[in-house]
């Protein structure tokens, strides 16, 4: 009998310990995941070019303004900037500045050939020589210039300091157009960059292994001595091993032309052909580029995210206005909820007698606490937005949230007031103070820390409110212009970023900021309670 | 006493800020990216004008326009007769190709309009029925107020007089479709051309319909079967010198055309 | 006291009373408004057609359907599954905090529970989409957006409520019961399971019911991971739409009878939660009566 009991007990006790551990583990998992992804991102990003970046582009250099955040310029972005495809840096670099493409006189004759364009865009300007181009770029946030490399190197070092040379990624994985056609309802999509190595090593013999159509692979190898050949060698091309693979598979072929012209001709003319090419040559007509993906990691939440205003639905910029909006909402909510909540608690503690009325009031408060937020949202929409005609606004939303946190304030204020020793009150009354004077001058100050911590926790609830605010406070992400403006708060912003599929990085970054606020609030509340505890003891 | 003073002060401030002209536009979430950028640039030179665009969907936007809650609505579908009768006047601002997108693990590259109708009405439920692998088709649909929903219904389902399947993930805006399609294996959805980039960034891909790829070229020459126009709508023709008229003119201007292009849509010639 | 003083005192007392009545007034107003907006539905749709039909098709012309059974089942299904996870874990952790936690681990765990309670529902939704949905997709299967994912997320959200109430109730069991049991030779665990928990059961049940209410009323987290397909959930891996999700999805654009139907849905939700609340009040009263016996 004893052994059975002990075994059963062990299991139960074990389960209890496990539950406690599970609870803590869950908390750390959730907070940790959000904060980690808030601070660091890791995405699969797709490009038309490989990762190989070169400082010089066929004897020219690309320079940008130092405020431009771009680190490496993919070739199609460069081409887009010079062909009127982009008029601002938003798409290529997430940088909100109109683009001003310049070319120096030395390079302008061969601009079209350099970028594989039929004609240059109308936005392109010609300031003069390399120095003039550099000046233009230095003086314009969105400036970019293609200048002759030698001429640039010879410029005054002070001028060179005022611009930044951006390496370009101008090597693409080019294929014969047959590879990217739809055949049998299949078409090759994005290929991971590691496939380049696999192709050159002879590990892939048919395009269907890369999700393409059933077409044998023919690898065209750049002629020895060329820049592309060294890239191919680095990617894993080995002449003997390649021949070995080709002989084994039967359908896989390696072709090694002797000159660059033959190289491009082979690519354009052989079905299933693939090889690294200059991006300017992959024009889609005789040679098509294959989209490549690679994993990029980096810092996500940065100080500038907190200080910049959001633009373009939140796709670009930061969340500064949204944080300020959230403060405005909280301030307004506190103004509306503290007086009624406090006064209600004062009544319940100081004046009321236990009777039907008090029980009714308590029932009302408890019920209010349990009503789902969506119902508050409906009520707010009916009464504040439509009924009183205030529209979707800061005012309507704040009043809705006020109703939601009222019970919390009443409850904690009540507890706080009850905890004030009766002796303090009796002493005050004995000295001749009126009831009201006692309440305001003696009881409230004594209960202040506990009330404060309750208010702080109520703020936490208001911070996280989303469902009730979407249709009462709105989604305008600019700085709120007044009580009657549609306003977006942080929690609503996190929801909208997820719902609008804008960027999971931004969702986590904004979420991390929200979590920080919650942590700060919790910490402050505990600090206040601890101080109060110490004060009471001391 | 102090709290009352603060309340009064806030109200006064609020009323003072009311002196700035506030305009509320809203409607289609497809038009929203165009509207947001256009509003930013348009109001840059008008400091005391504040415009907001609420992405509530074409249907709701048009309804709120006729009620007066909005003064300009974006619509991604043609107006119904009842809406035209109510005095709403649409102005076409761009063309769009309704693009069918799928999750990256779907091996199909093309669908016929019939197959598309079959998938969205629930008669085709597995990718192997249309040439893909054995995988359940996860249909992502828009909510009913969406203009994109209306346009898709008109172009694909109405001609065959069939209805949408109810067994679909309902997304409330283009971006949500993009997110759900990109992250759900076997998923299929439809979005405006401007949202395709988001999907491909997340690993999804666009399908050809009846053998034609959705693009600027195929929309303009009409070879892509699922194209539609995007509109900005006012109640009654936009009054001369009103902000709404100025805004519509701005969107139709050369600068507006650049904004439309950058959003991924197709400016009218 | 001067007359002015007395006047002010009385005036302030009335102000305090008015503020106290604010909570009842709000609840009353809310009930009135929501019922007023929602009841007209039943002039057009009969109660059985509304509550017992799965045909939700408000935009069908000419015969729109307003049956919310799928959503009622969805809400109940998701809530019950979430309680299945959170009740055992929650009660256990509550017991742990009340009786077994050490002096250092106890406050740490309590702080963790408080923190869990303060995390906003969007963050739970974000975590759900990023972690739980892919996990469910991988292990059990399906597309991840499911009743199971919703239940897991809800379970975590409801956990603090159950833990808190359990801890408070077990703690408030009078010491005599504890000491008496130990004196009779029972082990620590036997005391807990045989004496304390049964004594605290009203409070624990109250906690569970409170958790149930919270789960039923949750909107954002389930909206992001439930799939939102207006179908009757066939199993845990099926996509689901709860009553709350239905209201928030259609709220922005519904008009006419459709809007009335949404308010009627809100009424159903409201009535559910109110019933739960009344139950809690009754249970609490009984708890007080029992412990003072």
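So that you can tell them apart, the chains are marked A, B and C in the order they are listed, and the count of residues begins at 1 in each.
Note that in this section a residue touches a chain if its C-beta (ideal position, glycine included) is under 8 Å from a C-beta of that chain, and two chains touch if they have at least 3 such contacts.
Computed from a prediction, not measured in an experiment: that's the story for all the values here.
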Centre-most chain, if every chain is reduced to its averaged C-alpha atoms: A
Which of A-C and A-B has more C-beta pairs touching across its chains: A-C
Averaged-CA centre spacing for the pair subunit C and subunit B, given as whole angstrom: 36
For subunit A paired with subunit C, centre-to-centre distance based on mean C-alpha positions, whole Å: 32
Chain centre separation (subunit A, subunit B; CA means) in Å: 22
Multi-chain contact sites of subunit A, meaning residues that touch two or more partners: 339, 498-499, 504
Subunit C, residues touching no fewer than two other chains: 129, 252
Sites on subunit B at which at least two other chains make contact: 172, 180
Of all residues in subunit B, those that touch subunit A in their complex: 3, 6-7, 10-11, 13-18, 20, 22, 24, 29, 32-33, 36-37, 40, 50, 52, 54-55, 69, 104, 107-110, 130-132, 172-180, 182, 198, 200-203, 205, 208, 211, 258, 261-262
Touch list for subunit C against partner subunit A, complex: 1, 5, 8-9, 12-13, 15-30, 33-34, 37, 88-90, 92-93, 95-97, 100-101, 108-109, 111-116, 118-127, 129-131, 156, 159, 163, 187, 189-190, 193, 210, 213, 216-220, 224, 244, 247-248, 251-252, 262-263, 266, 269-270, 273-274, 276-277, 280-281
Residues on subunit A engaged by subunit C in the complex (per definition of touch): 5, 9, 12-13, 15-20, 22-24, 26-27, 29-31, 33-34, 37, 339-344, 346-348, 350-352, 360-361, 363-368, 370-379, 381-383, 403, 406-407, 410, 434-436, 457, 460-461, 463-467, 470-471, 491, 494-495, 498-499, 504, 507-508, 511, 514-515, 518-519, 521-522, 526
Residue numbers on subunit A that touch subunit B, as the complex places them: 44-46, 85-88, 90-91, 182, 184-187, 189-190, 211, 291, 293, 311-313, 332, 335, 338-339, 391-392, 395, 474-476, 478, 481-486, 498-502, 504
For the subunit B and subunit C complex, residues of the former touching the latter: 56-57, 59-60, 63, 136, 138, 143-145, 166-170, 172, 180, 183-187
